[in-house]
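Both complexes below contain chain A, partnered by chain B and then by chain C.
Up next, the complex of A and B:
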């Protein structure tokens, strides 16, 4: 309606604001400003690095770190080639021995080369996801039960409140000893260091998820609960049809918080538990103390940050997909 | 006609820090099959408590409710409730919201196709067939309330309980909804108890208007028969002296006789304030003024 009363002149002047300047503003915001931010950071970094001399040489600037990214990747490829060659040799040798002596039982030995950086990223991701999923399997049902029952809430609340602020690393020595005592097989399928790191991750994931789930369940709209009562939904149906969907936004908030904390804790846990992941990589490089070590650690730092960011984004995507309440699924 | 619902000697006390607070006392009401009864009264007078007791969501501390020869002890689909703020499950579509109720009530007695037909039939009844696959977040307040009504009707309740069903809607939408409800009522002839704040709504829709005194210890003050023939049309009624007389009667009650007994007013002013705390302050102010 208002466009009819507008003069053509005003319309002409008004339009480019949206199409031209609006687009320009968006481009500046989305591309140019972040790029400028990164550029300034890189400049400050390289300027700062040049002025810091450590016992392992000069602090690495962006270029040195970039080089190490390349080197780490080449090492990985070389290691893969070695592995392939190892299995190839083993296969040939076995074939030869079987040809000479048909009764010979061929022995298959695993390749025991050092984990490369990329293998270690994989280990870290597997560890964090296992710990996280284990925590979710415990925390979500427990949170629902606590949210539904004020009695259980009163019973569990002091324990949760006391254990929540404990750094999971404080648990690590205890976890290590308990795992050693209980998981005492001579030929473990899963490495103890992996289990130690995983359980430490689980312990730190547990609390945010339990608390958020319980709060989500306890704060369901009374009217929705009344709908369920009028319909006489049986308890399991009540949980499945009303409680669970209603608290999905809060459950996901708890899961995102947990995963963020888990990834931070994991690196430290791996350093201490010697689980072959990114934390161990950082620790080994630090112990190694070559002139490249600092640059390699810095490369790991960037990768750790980037993976943490990706984990958070994937959780957000999951939340968007599963949650009916799109309002809660923003940054 | 026979009595379908018998509310007898119902009283309600809530425990508070200063001892029990009597919200309701001696509420007696008999409702016939097919009757449309409105409960009207000031905020905090216990209308919703009466409805919740009939629904089985609250237990009366004294007296009881008998529906069709059986005492009401817990909530159930034969006493479907239309809540004030629609209470649709936000993660389900309109169709799925009704489906949840239909599956729960008729899941064992009706086949899949028959259930689908019944869900669609009820959504058509409230004129929502065009938005069956929409979620509550995507439709207007009036439409949500329509779906809420469809869900309640789909349970084929013996009594339909409506807690200020149109209270949150704007005046035009509310008028639309009232017309729709009259249409549905003409077709199905349900037994309905509706809580309302709106005098016109009460006179237009009801066979009887039950006027409640103010709490604490609220009870039924007066019952007014609305003997206007159906179908009723709001525009024609606006000039009808009988309509205006009925309307005036309800208004008069609400403005003069709402105070209950003087004893209650002088001793329990704080309780009144607390009970009405969640409602607009206007009513509270009115109450104090006329009591003085």
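Up next, the complex of A and C:
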């Protein structure tokens, strides 16, 4: 509902600006300046790239990176073709086996080929979102509890303060060992590597959300709390009707911070732990040391940045959608 | 010969007990694989080729195996993966299954039914070291350096660095890697002490008494580490020596073919538990790998260009085609422009390259003893027992025989299984001329001027 009511309002606010000079300045601001910025960046990049000679050849300029985007896409398509052929062969083989060995129950196994760049983008996104959601499920209730109770706050504060600045990468070896000790099934449905990355992401997402939620809850307007007291709302009702709506802006600020950290950490974790995803892609290319490697890494860097940007924007949109106070959701 | 019989008897019992019934000619037809979905690990080196080829050419699928192949960050991660079951099997350093079974490093029972290749390594030094070595090297008539280059040419350089108080650092890929032993062998043959290990005193750096300090660097990072000046030279598998030439940061001085002609290199390692639990799968993996190795050496290396193309894909080795092709297609570029023919630089099948010889395992153990990784004396029988635990020609034989029966291979491509005792004839082609006889490991160790001898303990 809130978006529908919001949109006409925004349009109305827009209208008065549509006089001659206003439109021009708006266009300049929205289109021309960013375009100029990007253009200058590309020029600097290609000029700079030409002057950096690495042992793997020249540093890739925008053109070389563009080419690699094409190559990565072609590889993806080729891999899909191979996948189709793989399933085809498998069906034939299963049919032959059933003919020889009627007791055999044919089973279609997943494609065994390597993930392509595009698959790895998907893997990274799924991992970061799962880790983030898991963290949110823990952090928001915990933050509310801490915000509501000064006692609990005093009890948890030292722990939060100590663990907050720890780089999640320091956790990674511990997470890896604990996961392989506790998650020991012969035929795991979810890959261990996925769980490792996810838990590492969760550990790093946790703190900004806990802290922001707690602060948001603790700083609710006294008047609102008093209203709840006057109405004698039971505790759960109090949280639902008063606390949550009042602290939504802060909760979302925490979530946005967390997601940004999560994305950065995930790439590093994938690199270090060799878990599938964009981080592993970068590391593999670095190890390959072929003449295309740098351009491919640069392509990955651009994609990583772009996805990080999109994640941040979508959190912002969500925040706008859920907040009663639109003014708090700024970029 | 008494020993060979004992081993054969033990193996026969073992094979019977574990259900590897196919060791005898009249055995039943090979059954379906018990485990069909497998994950194999590898390190980005050209000698992982048999695994990539078995996958790409459909040899694994022919056996009903659906294999995922994953590059690993380093040898330790790879070994841990096999031990904890994340990987079903992997491209391993020959020393890894031996050291693991022995308990040097991580203790685990790892076996190998398949030896992956011969040769394939080189020793590279940085341009700076090369320019100082060059005056000490004899020239041919055409002005190019005379090969093989011995470490004698490096000795004055090391002495100069030591006199200036600068440690002479070199890289190898793993404490129990072929490369460590080859680099040590080459250095020691030239009078440079590479240092001892003393695991019983907690010293596993391998730098006691060392004149050249060796440390571990993962293969793909070798060129970058050399370029950064952290190390002055390294011993590593291909394509990382040729990479140094292409990047113009170093010069390969010697190949392992020149240090020890046709030396055994990587093996395919699985846990003993895996082989016992999935005997048919184990034989079938071995069959697929044998076929891949045959394909790689077929028709005098005719398939090599195609293999190089496969390996240069980014999810296998990923280096440039030209870099991999240099060594895989029978040439090796030393100094830039000094390209020489080394037709046997990478051998995957001929000379019985894939048969897991006990004597190959024992050679690695002699070097472990020589440099103190095995801290105290062991009897010749101890060496042989350990070799028979780790190297499993019985599984290889079962795989080879079934391939012969199905007409996919011919008997003359393999050792004569009826008489083969698992020991190669005494080998003479070492850079220092010392002869190796696998039956007498202790006597062999005593022949080296540098290194622990029988009876010695640090």
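We adopt the following convention: the second predicted complex is superposed on the first by the 298 of 331 C-alpha atoms of A that agree within 3 Å, B and C clash if a C-alpha of one lies under 4 Å from a C-alpha of the other, contacts with A are read in each partner's own complex, and residues count from 1 in each chain.
Assume a residue touches a chain if its C-beta (ideal position, glycine included) is under 8 Å from a C-beta of that chain, and two chains touch if they have at least 3 such contacts.
These numbers were taken from a predicted model, which means no experiment stands behind them.
**Q** When the two structures are superposed on chain A, do chain B and chain C clash or fit side by side?
**A** Here the two partners, once superposed via chain A, fit next to each other without clashing.
**Q** Considering only the touch criterion stated at the top, classify A:93 as touching first (chain B), second (chain C), both, or neither.
**A** The answer is second: A:93 touches chain C but not chain B.
**Q** Would you sort A:112 into first (chain B), second (chain C), both or neither based on which partner it touches?
**A** Second partner only.
**Q** Going by the contact rule set out at the top, does A:180 touch chain B (first), chain C (second), both, or neither?
**A** In the superposition, A:180 contacts chain C only.
**Q** Could you look at A:129 and tell me whether it touches chain B, chain C, both or neither (first, second, both, neither)?
**A** So A:129 meets neither chain B nor chain C here.
**Q** Among the partners chain B and chain C, which is in contact with a greater number of residues of chain A?
**A** Result: the larger residue contact count on chain A belongs to C.
**Q** Please work out whether A:316 is in contact with chain B alone, chain C alone, both, or neither, and reply first, second, both or neither.
**A** In the superposed model, A:316 contacts neither chain B nor chain C.
**Q** Quick check for you: in the superposed arrangement, does A:291 touch first (chain B), second (chain C), both or neither?
**A** second
**Q** Is A:233 in contact with chain B, with chain C, with both, or with neither (first, second, both, neither)?
**A** In the superposition, A:233 touches chain B alone.
**Q** Tell me the contact category for A:242 with respect to chain B and chain C: first, second, both or neither.
**A** first
**Q** Thinking of the overlay built on chain A, is A:156 touched by chain B (first), by chain C (second), by both, or by neither?
**A** neither
**Q** Note down the smallest distance between any C-alpha of chain B and any C-alpha of chain C in the overlay, whole angstrom.
**A** Across the overlay, chain B reaches chain C at a minimum of 51 Å between C-alpha atoms.
**Q** Of all the chain A residues, which ones make contact with chain B and with chain C?
**A** No residue sits in both footprints.
**Q** For the complex, give me every residue of chain A touching chain C.
**A** 55-56, 89-90, 93, 97, 101, 104, 107, 109, 112, 114, 180, 186, 192, 274, 283-291, 293, 296
**Q** Show which residues of chain C lie in contact with chain A when the two form their complex.
**A** 32, 36-37, 44, 55, 58, 61, 64, 66-69, 71-73, 77, 84-86, 220-221, 223-224, 227, 243, 247-249, 312, 314-315, 317-320, 323
**Q** What part of chain A is in contact with chain B in the complex they form?
**A** 221, 223-224, 226-227, 229-233, 241-242, 245-246, 248, 324-325
**Q** Contact residues on chain B for chain A in the complex?
**A** 55-57, 74-77, 79-81, 83, 85, 87, 89-91, 100-101, 104-105, 135, 137, 155
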